[in-house]
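As written, the chain order gives the labels A, B, C, D, E and F, with residue 1 at the start of each chain.
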């Protein structure tokens, strides 16, 4: 029940079309998914969001499949259906198999559980853990 | 301001002590952090939570550093201070460096943003993405 | 798939009917939406919730469209479908146009992202910001 | 207990310094707050986040104080302390007074409550509300 | 670091004082806790919130200790420190002992975990469970 | 649109079948609900999750209906549809009637509201409440 119309490629303004073309060539796909078609109602937001995503999810230190799995872990925690579907698809494309997905789901479940167990008792971080977390940086 | 006392190793019952010893030998550390010391007020929960964590975070398909980074991504999304500190520390120990952490933070931020952009417009998953997400499994 | 039946106007008790009439006259509408029809299974909760909403969303310092947009920003963050739909409708009725909605979505996305970036690094508030946030009040 | 060091202006690389200068001139302030100093450990993320924020929170259709209040409403919902403090300060600077803040808090509280009441009974959006929410757009 | 001043009993207006007195007599305590002292900056919100809480947490079908434990379970899930502390205190006063708290923490952890496991796989409710959830009500 | 296939009883491996049988005999039901059928794609996770749930929701200090209501309160806060449906059903089976459900919904709504009101003003816990919350334990 999308609350804004989808801007199809055929109807796109040159500004939107340019982003669509970049999405397709960067991802090596021949179609545009609904998220971008809805964002295209506001071309500046479409462009900014795509540029951000391209930078954030692009080549870096982490393996692409790890980035997609991190994205998925957040989306599962927040229960965003579209994002879970699209990033499960993207993670699979990047190499995630069923066993890896099952491990991700176990870790996400466990983290959501222990986050609350810690909350309940107001446990303060151990000084040794704080030190280790900073990686030895001066604070 | 922990709301329950810490059960120190010296004061631990045999049941609690056995879990503490397993934590130390499994993790190859010589001390017990506060989370376990608080859970130890209820030995059955301590044992169950540790057994779960050992299984979930133990050897599997995913690299240990990836598991720790998934745990951290969830904890950052939920804003659990203790968990952020302890799993940043654990991820560093497993090999996460500053560049990897910065990428994780960028991905987690981006996912939390786009999750809401999708929510706002009630975008439904593209049929092609649903199919790809199932990995070709029969449904 | 509502888990409780809708109490239609025709079937409403006098107590429920009185609330329904107040909703219709306050909002200048001639129908009752599903949220109230479900709450009406417990007349006391229906009445309390409506009285609260009438006070909170009624005349005050903030423009009605701003109040509806704040309501929407929260609902988008929490991913409550019914609330997103109903408060997008209410905000539009109060004057929100497509451009304003697009800006709201961008702000909500950005806030959800930076909230987590701050969480991850455990950044403490600058003393100058704390002071400014109190508006110069004694603390 | 920030987990990464603050990059002070005096120690900033030219790339970081350029962003700092843009922050100061855009906001007409003479200092840099901790959020940016932590992000500066990764100059590309600093630059991207600042450019995004400048666009999203910059001149548009919504009044600056409304944008800051939307940011604050999200941050309160997510319980991000740094963000609540910094955006309460920013909203005050943009014109929010105590009465406006009190109304924001009431709206945010009310939205968080009714979001869950709707969740509990799985209320589906009324067709008339869906139509109104789309603003008459074709779907 | 409360962002608004506390309105102490000695400085309270008659309107605020009346609410304070009702809180003290209803709860049979001789002091006012910080939550109310901050809300008192906006007397209408103080009065509305207290009246709501008195109704919601007052005599009904559920045992007072159960109501306090439900309040605590939500607060732990949302990680609201003040609320966790104050409702742990209230639940203890109403009869919650250490064993009951430990069970609550285990249930809250488990629920937060399985909520995400379900999210990840987009499991749809079984028709039989939907039916049972409605309690045999017509839908 | 489950993203993984359901493992039906007829197709289950001996390891999965053993868990299914234990679920049925423990709960005195003659069928398996979808959650378990999806988890069964990873037998180790199925077994671990079921063993945990059996322990956490099994006989203890709290009444079974209270445990189910706590589970439901968390699921409503997180907006997990499957969990809301299944634990509303389970709570009804354990004795929750409409009036109890209505009270639960009111408490969950109220807690979600006041959690944010406290967040907004950064209210610190009163020393007396911290003391009461610890139940007189040494800290």
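Just so we're on the same page, a residue touches a chain if its C-beta (ideal position, glycine included) is under 8 Å from a C-beta of that chain, and two chains touch if they have at least 3 such contacts.
By chain, UniProt protein names: A, B, C, D, E, F = Carboxymuconolactone decarboxylase family protein.
Remember, predicted model here, so these are calculated numbers, not experimental data.
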| item | value |
| --- | --- |
| Chain pair, B-F or A-C, that carries the greater number of C-beta contacts | B-F |
| Cα superposition angle of chain D on its copy chain E, in degrees to the nearest 5 | 120 |
| Same or different residue numbers at the chain B/chain C copy interface, by half rule | same |
| Centre distance in Å when chain A and chain E are each reduced to the mean of their C-alpha atoms | 33 |
| Between chain A and chain F, centroid-to-centroid distance (C-alpha), Å | 27 |
| Centre-of-Cα separation between chain D and chain C, whole angstrom | 18 |
| Where chain F touches two or more other chains, by residue | 1-4, 48-49, 52, 56, 77-81, 84-85, 88, 98-99, 101, 104-106, 108-110, 112, 114-117, 119-122, 125, 130, 133 |
| Graph class of chain-chain contacts, one of line, ring, star, complete, other | complete |
| Chain E contact footprint on chain B (complex, rising order) | 1, 3-4, 41-42, 45, 48-49, 78-80 |
| Chain F partner contacts - residues on chain E that touch it in the complex | 1-4, 31, 33-35, 38-39, 49, 52-53, 56-57, 60-62, 66-67, 69-71, 73-75, 77-78, 80-89, 92-93, 97-100, 103-104, 106-112, 114-115, 117-126, 128-130, 132-133, 135 |
| Touching residues (chain side chain B, partner chain D) in the complex | 79, 84-85, 88, 98-99, 102, 105-106, 109 |
| Of all residues in chain B, those that touch chain F in their complex | 1-5, 44, 48, 52, 55-56, 125, 130, 133-134, 137-139 |
| Residue ranges of chain A touching chain E (in the complex, touch as defined) | 72, 76-77, 79, 81, 84-85, 88, 101, 104-106, 108-110, 112-117, 119-122 |
